[in-house]
Amino acid sequence: MPNTIETTFHVRYAETDQMGVVHHAAYIVWLEEGRSEWMRANGTSYAQFEKDGFMLAVSEVNIRYRQAAHYDQQVTIRCWTDEVRSRQVTMCYEVIDTENDTILAEASTKHICLNVNGQVTSMPEKWRQLLGEET
Amino acid sequence: MPNTIETTFHVRYAETDQMGVVHHAAYIVWLEEGRSEWMRANGTSYAQFEKDGFMLAVSEVNIRYRQAAHYDQQVTIRCWTDEVRSRQVTMCYEVIDTENDTILAEASTKHICLNVNGQVTSMPEKWRQLLGEET
Amino acid sequence: MPNTIETTFHVRYAETDQMGVVHHAAYIVWLEEGRSEWMRANGTSYAQFEKDGFMLAVSEVNIRYRQAAHYDQQVTIRCWTDEVRSRQVTMCYEVIDTENDTILAEASTKHICLNVNGQVTSMPEKWRQLLGEET
Amino acid sequence: MPNTIETTFHVRYAETDQMGVVHHAAYIVWLEEGRSEWMRANGTSYAQFEKDGFMLAVSEVNIRYRQAAHYDQQVTIRCWTDEVRSRQVTMCYEVIDTENDTILAEASTKHICLNVNGQVTSMPEKWRQLLGEET
């Protein structure tokens, strides 16, 4: 199964700010949508992860902005899993200008697995395999 | 106890859009913060309402925008309860330019009381009294 | 040309709140995206409207929430123009659960045409025709 | 003049997500509000920076989340300038639980100075001095 998943959508007007470009916090929401699509493209969903009694809390975000994104343009979020451990996973991203394939931003996020009580716990086996843990 | 409560804060940069003014959806969040402050000023909190096992779901929002708000200016949310029934409450608002007391927007919101299962239910007596139900 | 345009997307996780459902302000952003798609489906874009030297400022939003929307589900925004005048336009909306076609929310928004100086002005003829002004 | 500036506010309900805690993207907006307050506390404003014909575009965000923040609690953003160069500046932050002074998140952001045409340019002398450039 391919590890790199893409999702494409139009930039929303509400995501712009008075600089005339997309506000930097909007990208953080886009990364999350990239993760959601990664799950869907791999036959499940993060909603299912939570139904199974687990949560993936974000513990770290690192993002570099290369070029500004603009209202109405199409952007593509390219998302893949990087390091997968029993209790945490790192995801990587490129935010792409869909039309000309240039990179608008590069990012990584780290996530810790919590149970319903908010305690750090190991991810279930099926989720670790899905995410691509090396064995 | 006064029914009209005010809360004042600076407009955040993220709340602007490429028109150079505050995006209209940001006001909806401000109204909610006006409600939160209403609760706090009356000696409790909406957090307590949820701890008591109830939720106030928004069933309707009506808002008229009079003048644009701008980054960095101070805005005041003036909030009061209007019609209070056993299962629902209407709140009213003025969004004010703090410096010159002009009205930027006028709004009302309706809320339905739900229990933890998401079913419509009567508000507890103490909350109806707090909100000002006429008896 | 059909006046009613639909756009469909997944609910984003960031759009939920601690009630476990979509926060009511997120719908306001969805309506805007419905308007953006209306423009695109009619062969132009709101970006072009601004390039032409005009802005459509939101002067009023009225929305009724019927049922809660949830993370990861698909929602469809159905958008059509209602009353079109020289200086203002009213848009109507239904927010739909894509899977079973039930209505999650109904809304209308009013917009005033401004020039680049922020003054109320008549919409250009081509835009009034596009929006469907009756003559 | 002290370089570390604090600003305190209540967590907004809209900033929570269905995990029952503050969504990680909300912190990014808080950092920005910390920067805004830094400017105000130093006798000016970022609004003035833009009026002077410059913009500070965000080129990088790095944030580590230590503990979850919750609706209605008070959080304090502690913000200071780190490295100041002619064309860029690094800001650092701690997001604090106001009540017990524990750290909820630590972050840094990098900013590049642009002119009104979006070109990288040197910051005016008065702004470099304000930000604390070592000479």
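Note that the chains are named A, B, C and D in the order they appear, and that numbering of residues resets to 1 at the start of each chain.
Following the convention adopted for this analysis, contacts are C-beta pairs under 8 Å (C-beta built on N, C-alpha and C of every residue); 3 or more make two chains touch, one makes a residue touch a chain.
All figures in this text were calculated on a predicted structure; none of them were measured in a lab.
Shared contact partners of subunit B and subunit D, listed by label: A, C.
Compared with subunit A, the chain whose C-alpha mean position is the greatest distance off is B. Distance from the subunit B centre to the subunit C centre is 24 Å, each centre being the mean of its Cα atoms. Work out the mean CA point of subunit A and of subunit C, and you get 27 Å between them. Averaged Cα coordinates give subunit C a centre that lies 33 Å from the centre of subunit D.
Chain contacts: subunit C has residues 13-14, 18-19, 25, 29, 32, 71 touching two or more partner chains. On subunit A, the positions that touch subunit D within their shared complex are 18-19, 24-25, 28-29, 32, 50, 55, 57-65, 68, 118. Within the complex formed with subunit C, the residues of subunit D that make contact are 13-14, 16-21, 23, 25, 71.
Considering their complex, residues 9-10, 12-14, 29, 32-33, 36-37, 40, 45-47, 70-72 of subunit B touch subunit D.
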